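In the two complexes that follow, chain A is the common piece, with chain B as its partner first and chain C second.
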Partner chain A sequence: MIIIEWLQAYGPSMVPTFNLTGDMFLAERLSIKFGKVGPGNIILLRSPEFPRKVMVKRLLGLESHSVTYVIEPMKSDRCDTIGVPKGHVWVEGDNIYNSRDSRQFGHVPYGLLEGKVFCKIWPSKEFGSLMKSGMKDPDSYS
Partner chain B sequence: MVGLVGRLWNLQYKSIVKEASGKTLAVAKFFCVLHVTNTYLCTFALAYGPSMVPTFNLTGDMYLAERLSIKFGKVGPGDVVLLRSPESPRKVMVKRLLGLESHSITYVVDPMKSDRCDTIVVPKGHVWVEGDNIYNSRDSRQFGPVPYGLLEGKVFCKVTTFLSLAHLMLNFDAVNCTSSLSQPKNKRRV
Partner chain C sequence: MGTQSLLWNSVKKFLTCGLIGLTISDRYASIVPVRGASMSPTFNPRARNFTDDYVLVEKFCLKKYEFSHGDVVVFCSPSNHKEKHIKRIIALPGDWIGATHNSHDDVLKVPKGHCWVEGDNSASSMDSRSFGPIPLGLVKGRVTHVVWPPQRIGLVERVFPQERVSSFK
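Now for the complex of A and B:
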């Protein structure tokens, strides 16, 4: 990807923002290069466990932010708070019940971020901007 | 008369614009090719700092690093790699790869203070990197194994006398390749 890329994502981890079967969206790279991402943005990142895989998750915390997350929502409501170290970010899927994200593999280095998703293309009735789409309030869990 | 002058000027204007746009296109194409080569094939790296002494100079040398090996997973322990720093995302560092995922690494925790060693298994999708100068290097011993996705290139060639490019072209022994980048003989291996 150089400036803008057209991608398709599938999987359950970002339901309801993205469909299980696959949605198409546009992602751009310049925001990452200039550091213009913040909590609430949907981002593409290279998986720290499978280097050939690129995942779509929501950014919840930048370096030196304090993130509170539910450890295992299927089992209990127990929360934990963690400070994100320098040069790292905390990402989570919108569907916390079925998402492999920072709650499992920890904070990821900023260098793994590949792009910021800004617009959904398909399905056409869901076409529109995804800038801080308000699906998740990064500061509260209930 | 005015119409004739107007027509002549139009003709000249068109040819100037055509030539200018042709040249601009050529320059744009050149920069595109340069960008693609730099991003996907091969790049220059000016490396300085104490962490890779004696392999690399303290004051800085120019190296060639290629990106295809990283993309195809053809790197292994002993290779000198470029990687984006996990602590400072704008910084790219040069270190030696010592272990891939599921390798077991034994390292000296603090060589300035004691000889105490520790063994660690590199998790899936990560690599272990260390500087050749373990006394003055910030590497995986401090920030842990790094995700493979942070690797940016594999250094394969030192461009010794970069300034005298003509000398470089004529005398091929001015470029030290590969043999000088192999592991220094006194480095402890496990």
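Now for the complex of A and C:
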């Protein structure tokens, strides 16, 4: 992708922001190149485990931020807090009950970010720009 | 006016060439300079101050992310995404690599989706021995040839310290 790309999302990890299959959205690359992303943005990320796979997740922490996450949401409410090192980011799916993200594979290098999602296209009744934070208040991360 | 349309034509040609060049360098191959001596003697064999080696970087490898032991690759630094480094892949996912950490000899397993990179000049190279294995997703291309200076034009060979790496596949 050079500047803007039209993509389709699959999988349960970003429910309800993106449905299980078939939601389409636009993503752009320039914000990533110029560092204009922050907590609350939905981003595209190349998987640190499967480099051919690009995932859609929400950015929750940049370098030197401190992130609090629920360790095992299916079992308990226990939380842990972790600092994000230099050059890395912390990402989570909106559906923390069914999402493989930084809670499993840890903070990832910023260089794995591929794009920022800015507009949902399909289904047409959900067309429009995506709010900065769907479920989580970005101000709770510092 | 005649000169105005001539100028506009030139601008259009320039922009078209620019876009084609950008697409080629983004998707297929580009030529980049090698800075520093961390890959000496493969690149920049003597600390010459006036010319860096230039190498050809191919991007076709990014379709499948299939690399071999000994490939020289360009990757984004894990601590600063704006910096790109050139190092050699020594170990692939699932390999066990012998590395010395804080003067302790250690054997590490390279995690899924990651690789272990080292510079050929181990005395002066910031690589996986300091920042650990890197995700293969950070790799932005593979170096295939040296294209400058003319007396060193040639293929970049795949070599790696086989005694330090075990792959059980």
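What we mean here is this: the second predicted complex is superposed on the first by the 134 of 142 C-alpha atoms of A that agree within 3 Å, B and C clash if a C-alpha of one lies under 4 Å from a C-alpha of the other, contacts with A are read in each partner's own complex, and residues count from 1 in each chain.
Definition applied: a contact is a pair of C-beta atoms (placed from the backbone, for glycine too) under 8 Å apart; a residue touches a chain by one contact, two chains touch by 3 or more.
The structure presented is a predicted model; accordingly, all values stated were derived computationally and were not measured.
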Task = Classify the contacts of A:R100 with the two partner chains as first (chain B alone), second (chain C alone), both, or neither.
result = neither
Ask   = Of the two partner chains, chain B (first) and chain C (second), which one does A:H88 touch, if any: first, second, both, or neither?
value = both
Inquiry  = With both complexes overlaid on chain A, does A:S47 touch chain B (first), chain C (second), both or neither?
reply    = both
Inquiry  = Once chain A of both complexes is superposed, is A:R29 in touch with chain B (first), chain C (second), both, or neither?
reply    = neither
Message = Contacts for A:L112 in the overlay, against chain B (first) and chain C (second): which applies, first, second, both or neither?
response = both
Key: Shared chain A surface residues [contacts with chain B and with chain C]   = 2, 46-51, 85-88, 108-112
In the complex with chain C, residue positions of chain A that touch it = 2, 46-52, 85-88, 108-113
Request  = Note which residues of chain C are touching chain A in the complex, please.
outcome  = 22-23, 26, 64-65, 75-81, 111-114, 134-139
Key: Partner chain A, residues of chain B touching it in the complex   = 35, 84-89, 123-126, 146-150
Of all residues in chain A, those that touch chain B in their complex = 2, 46-51, 85-88, 108-112
